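Okay, so chain A shows up in both of these, paired with chain B first and chain C after.
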Partner chain A sequence: MHETFYDVMRRQGITRRSFLKYCSLAAGALGLSPAFAPQIAHAMENKPRIPVLWLHGLECTCCSESFIRSAHPLAKDVILSMISLDYDNVIMAAAGEAAQAIIEETIEKYDGNFILAVEGNAPLGEDGMYCITAGKPFVDELTRVSQHAKAIISWGSCASWGCVQAARPNPTRATPTHKIPGIADKPIIKVPGCPPISEVMTAVITYMLTFEKLPELDNQGRPKMFYSQRIHDKCYRRGHFDAGQFVEKFDDEGAKKGYCLYKVGCKGPTTYNACSTIRWNGGLSFPIQAGHPCIGCSEDGFWDKGGFYERLSDIKGFGIEANADEIGKTAALIVGGAVAVHAGASVIKRIASKGDDA
Partner chain B sequence: MSDVSKTKQEAVYVYQAPIRIWHWVQAFAILALGITGYLIGSPPPSLGGEASDYYLFGWIRYIHFVAAYITVIGFVFRIYWAFVGNSHAREIFLPPVWRPRFWVGVWHEILWYAMLVKEPRKYEGHNPLAVLAMHFMYVWGITFMIITGFSMYGESTGFGTWQHTYFTTWVNPLFGQSQDVHTWHHIGMWVIIVFVMIHVYVAVREDIMSRQSIISSMISGWRQFKDDRPADKD
Partner chain C sequence: MAIIETPNGFNLDDSGRRIVVDPVTRIEGHMRCEVNLDEDNFIRNAVSTGTMWRGLEVILKDRDPRDAWAFVQRICGVCTGTHALTSVRAVEDALNIDIPENANSIRNIMQLSLQVHDHLVHFYHLHALDWVNPVNALKADPRATSELQQKVSPSHAKSSPGYFRDIQTRIRRFIESGQLGPFKNGYWTNPAYLLPPEADLMALTHYLEALDFQKEIMTVRTIFGGKDTHPNWLVGGVPCAIDMDSPGAPINMERLNYVRSITERTIQFVKNVYVPDVIAIGGFYKSWLYGGGLASQNVMSYGDIPDRANDYSTENLMMPRGAIINGNLDEVHEIDLRDPDEIQEFVPHSWYKYPDGAKGLHPWDGITEAQYELGPNLIGTKTNIERIDEGGKYSWIKAPRWKGHAMEVGPLARYIIGYAKGDEYITDQINSTLRALDVPLPALFSTLGRTAARALESQWAAEKQLYFLDKLIANIKNGDSSTANTEKFDPSTWPSEIKGMGFTEAPRGALGHWIKIKDTKIENYQCVVPTTWNGSPRDAEGNIGAFEASLLDTKVEVPEEPVEILRTLHSFDPCLACSTHVMSPDGEELANVKVR
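Up next, the complex of A and B:
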């Protein structure tokens, strides 16, 4: 039997006091009452670690970079030991055939009981030849391993939505996990973001281990506890938004005073994520706090909406790219012109017909 | 108006009082929605000073939401009145597209607007082309705006509220994401603006050039005719 989390932590020299502190913090991060801390501690003392296979497709490794920086006091030591991260080709020491053998071994030993974490996505173009792992198309490995998994975690916007490699015209046909033909009919948890917040990633895993069930998901498959509110709803600059105080350009007085970034394209009002509450790098800051508009990196299609610094999105299909106002004003102008011409013609006609009557 | 001075066929009561009230309430609501909606997409110049001194953008959004609720309640009432009101109250909801006669009427109106026929037909209610425009640009346009509007409103009211449950949960994925819903709602605004432009122009023009009263009818309810020949149906 696998070691429990507690065994691993003790083995790594973590005191029981630190362990209990971690459990309370984990309860807090999951939005549970302090009463749940003992439950988390109990789970960690008694439950075997769940094996995780972490596969990498077309991606930039930012999810891994974020994950290993989880600033939770013990996270960087604990989370990696807490799950039995059997395979993760980015951070594992093994390589080559020895590494690939681990996948087979895990499938054999824990068939239907391990978690498949996917970072990046699979390109379907040219039979998947745009992404090769261990000499085979990644899409084949992904679909095969998915058949044996208990659940699938789609890390980041790549696995959840497609992200920049799926941007128009998507030459490699990069496809998010849930849309890949042949992917097993297993629960898929989307944890979007480019990258997702580290504490969100670790908390999703902690929840699954502690309660032995998936966190509650919204109808698009995202954990509700982190993706049920917009950046905007908890933004500390919201007061400036309601007041009508905006940054007009990045070097103006408003920017210095920390006004709302809405007019320079902030996607906070349309982005579901926890950045404005959990923040980044141990709660240090998040883009808006640093004076940069949210680009909406956890939303589907954020990469194809035109400039990050524009309030209104580009709309494709008009030959040139235009936003709703440009299209609307053009249409209104054409109709207005037509009305004027028509009115003029009507007047002429009327005068002419009056002449007839007379 | 040489022929107006001659005797008229008796006037017909077309627009019942609730329809007339609804029409003008809707007109002013659309005006408020259009102005505030445009400003939500392109906010007015930034204000300086303390945030606590102002609530400008808050008021702009508030007016938008109030006018939106007035529109929704009015539209629901308008649908109700299509059932209980007179036959003209149903015109814009059910264009009789299955009747060839209707399309002949549409064609005739197109010719009339293209100035290729000397005289328009005479209608008690809307002419067939107007029915089509009302149906597709107004009825479906405003329905689209109500659905996308509630979807975005539900994002503010949040998970578990009826706006979120009945609109946001399915509208956001349908369009892609929230930003797409905003973009389409914005395009919808321009469709309504174009509709209003045509509607106002045509109403003025028809008032002068057609064979029946238009603008005064939406105030008094009575359709007056400028000649004695029988009205066309459909």
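Up next, the complex of A and C:
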């Protein structure tokens, strides 16, 4: 017998009324109108838990760590009541042969009906032996499991883009999921970020369970609901940018007043993520709010796009008019020294004069 | 091989049945372990292999040293931040930058909250299932569980029979659904599990409570660092400016109140849940005192948590520093991380090569060149390892040694050193724990001792977090709101060739980064991390490392279900992404990268 989310809540003494209230809150958390609450309720009441195989390649486990920090829903409720996390080598009780047997069993029992979640990526160098599982290359396991999955979630910037181990000169030939030779032709949902925001991770799962479909993706494969606007577009310090009020160096008067961090290197203008809307750790803060420039950790190749304290310049579509797909294809040009100062200064001048006009 | 005795005093016999555990799960990263059992199922030979490698040190070459913290922070997302802190300290050491007192307090609060978080998550979510049987918890009487809870920790509010009944019902429905999730294929009928059902239910309940609570602990770091996992750091201080009267300052009264609230709740959770659970579970397992290994011989800690800013002397570090050799607790040796003759890394059994293969190298002079080759007695192929040959190269981990000695690092090492030095707080904690369990001092040198030290240290760390919050507020009250020294932030002010080193005590143990900077770019970056110490393969002399030593002479009840191996390996909280991040070139253009 399958246990549904609703069963669990009922058995814990939660009334139907409270359950429906939960569903409205869940709709709100997903940015949906309360009209969607009945749909969520229906999903919660009727669905068995979908099996998830969460494989780890070369990574640092920051995605898993982020996942367990989810405030709504709690990681506990995702694991006990929404999905069946049958394989995840970070938390699973089983080890060695007993662990590997789960992969075979899942493929046999749920062929085409489980989700493959990938954290980290596979190195192709040294015949794949820079990442070994059960004595064999991780890449072999990944490609094999992918053939039997319903869909693939690429958690974080490692699985989505390659991230730090793929930064120049990428010594292990670390390769993101969608570029692995032999990976199955299955839908791949990229959830980039180093790590992704906790509540974004759980929302992607909840969305799929609730609406029985993949979230709408942009042309790079990211859920539009979280990755189609720049951090800059919704930044609470945007007013200071527009007014030409900047932090010139850390801990100066501008820093204490919460001015814009653009001049100390903020990558918010070229970074597509939900940090300035959803924020982090239950909506508590995000890097810019705590005084550090955005380093652009959800962008492809962000490690190789210049120093984190060098300011962006010559950005096409610097305003709010360009869409995500256009900007995503345009690598921001980052330069140092006098050119940057000049370019930066002219941008500021333009903005300052715009401010005067207003 | 017949029986051989290693120079560090362990007998190895590889003639018996070989057991392989791969993957070792509930760790960070990828690891394999092989052991030989004798006729009575005692482990007589142990081989631990790091099975991943990423190459961050070469990726760092020619980068801006001010950015290095972000790269090395991604060595590990579990001990998130500790590499970043080590990195900014190394760069500040090279540039002679003094950081403001407030930055020191904030960094300490962040580092201490990591200690607590990492230890708590380790115990409940990575380690507990080696001791706690969730299936057995279904047999518990909720009323008796409630009585047990009130006896073990009278101050913990969640202790009613109804509360335990609800949790048990939820777990029952979960297990009866047939979809066991993370509990699937555990060794739940193994006689090595010794807890009565009530203790299993209590511990499992706290597994869930801790999963809910751990996310609160880290919000402290979101306040100061903007996000967690992977908060932000800054060479010269911290990025979060303080102004108690500005509407836009990252840190104001509300934020400090938030930190206080979380810190106080953290102290309560550790005191009322974590420490009592470890002592209660320890009580049922106190006849299982395997796993000591190097702990009773050689342990080391670099020390951490400077009380005053910029003073990294032993006296100013609140976490103990020093080394103990051959189990002589009467003498704690000073350590010098800059001395080329003290810390050296060896590679005869690692997948790297040196020009002079047997010689060890200090991190400032380290060479990192890959050589993935397997020993002649391997069973299997290069891409299908069935039985590793520990006589040849067998791990992506190097073998660091201190003055030639294999050392154990980590919470137990720190606690042994603190005890040997007569640290009052640590000594009291150890003595009261030994009394509570009614075991003698040598019981400390064990798998259980390692697990207990981690819990005790969490209590210490949570309380010190409050100490530094008070210190931060007192300093602000005295008129100092400075958080960053930016005098040397501009690289044009830097000398052309400099070098530095930074150290911390990561949750898993001693961590050091060594950096050389040339013409404002990184010329060389080397990290020697806790799991490199603990998980090291053999060195040129044949000394075995802490993981391998700790497994020897342990009885495995059911060879097909080696929960005892997991129990002891987990007690170190292995972090393989940390230990095997070091660079090895992949063929062509990097074939001979020499990192001097």
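Rule of thumb we're sticking to: the second predicted complex is superposed on the first by the 286 of 358 C-alpha atoms of A that agree within 3 Å, B and C clash if a C-alpha of one lies under 4 Å from a C-alpha of the other, contacts with A are read in each partner's own complex, and residues count from 1 in each chain.
Here is the rule we use: a contact is a pair of C-beta atoms (placed from the backbone, for glycine too) under 8 Å apart; a residue touches a chain by one contact, two chains touch by 3 or more.
Since the model is a prediction, treat every value here as computed from it, not as a measurement.
Touch criterion met: A:132 reaches chain C, while chain B stays clear of it. Taking chain B and chain C in turn and counting the residues of chain A each one touches, the greater count comes from C.
By the touch criterion defined above, A:242 lies against chain B but remains apart from chain C after alignment on the C-alpha atoms of chain A. In the superposition on chain A, A:262 makes contact with chain B only, not with chain C.
Contacts of A:178 after superposition: neither chain B nor chain C is touched.
Once the two complexes are laid over each other on the shared chain, residue contacts for A:144 go to neither chain B nor chain C. Judged by the touch definition given at the top, the superposed model places A:86 against chain C, while chain B stays out of reach. In the superposition on chain A, the residues of chain A contacting both chain B and chain C are 259. Only residues 20-30, 32, 51-56, 58-59, 63-64, 66-67, 70-71, 74-78, 80, 121, 125-126, 129, 166, 169-170, 173-174, 176-187, 208, 211-212, 214-215, 218-219, 222-232, 234, 236-237, 239-243, 246-250, 258, 370, 372, 380, 382-386, 396, 481-484, 486, 489, 561-562, 566, 577, 583-587, 589-590 of chain C touch chain A when the two sit together in their complex. Chain contact summary for the complex, chain A toward chain C: residues 1-3, 7-8, 11-13, 48-49, 51, 56, 58-66, 68-71, 74-76, 79-80, 83-86, 88-96, 98-102, 125-138, 163-165, 167-174, 194-195, 197-198, 249-251, 255-259, 275, 280-282, 284-292, 295, 297, 303, 307-309. Note for the complex: chain B touches chain A at residues 2, 38, 41-48, 51-58, 60, 113, 115, 118, 155-156, 158-159, 169-170, 172-173, 176-180, 182-183, 186-187, 189-190, 193-194, 197-198, 201, 205, 208-209. Of all the residues in chain A, the ones that touch chain B in their complex are 218-220, 224, 228-230, 233, 239-248, 253-254, 259, 262-263, 267, 269-272, 296, 299-302, 305, 311-313, 315, 323-325, 327-329, 331-332, 335-336, 339, 342-343, 345-346, 349-350, 353-354, 357.
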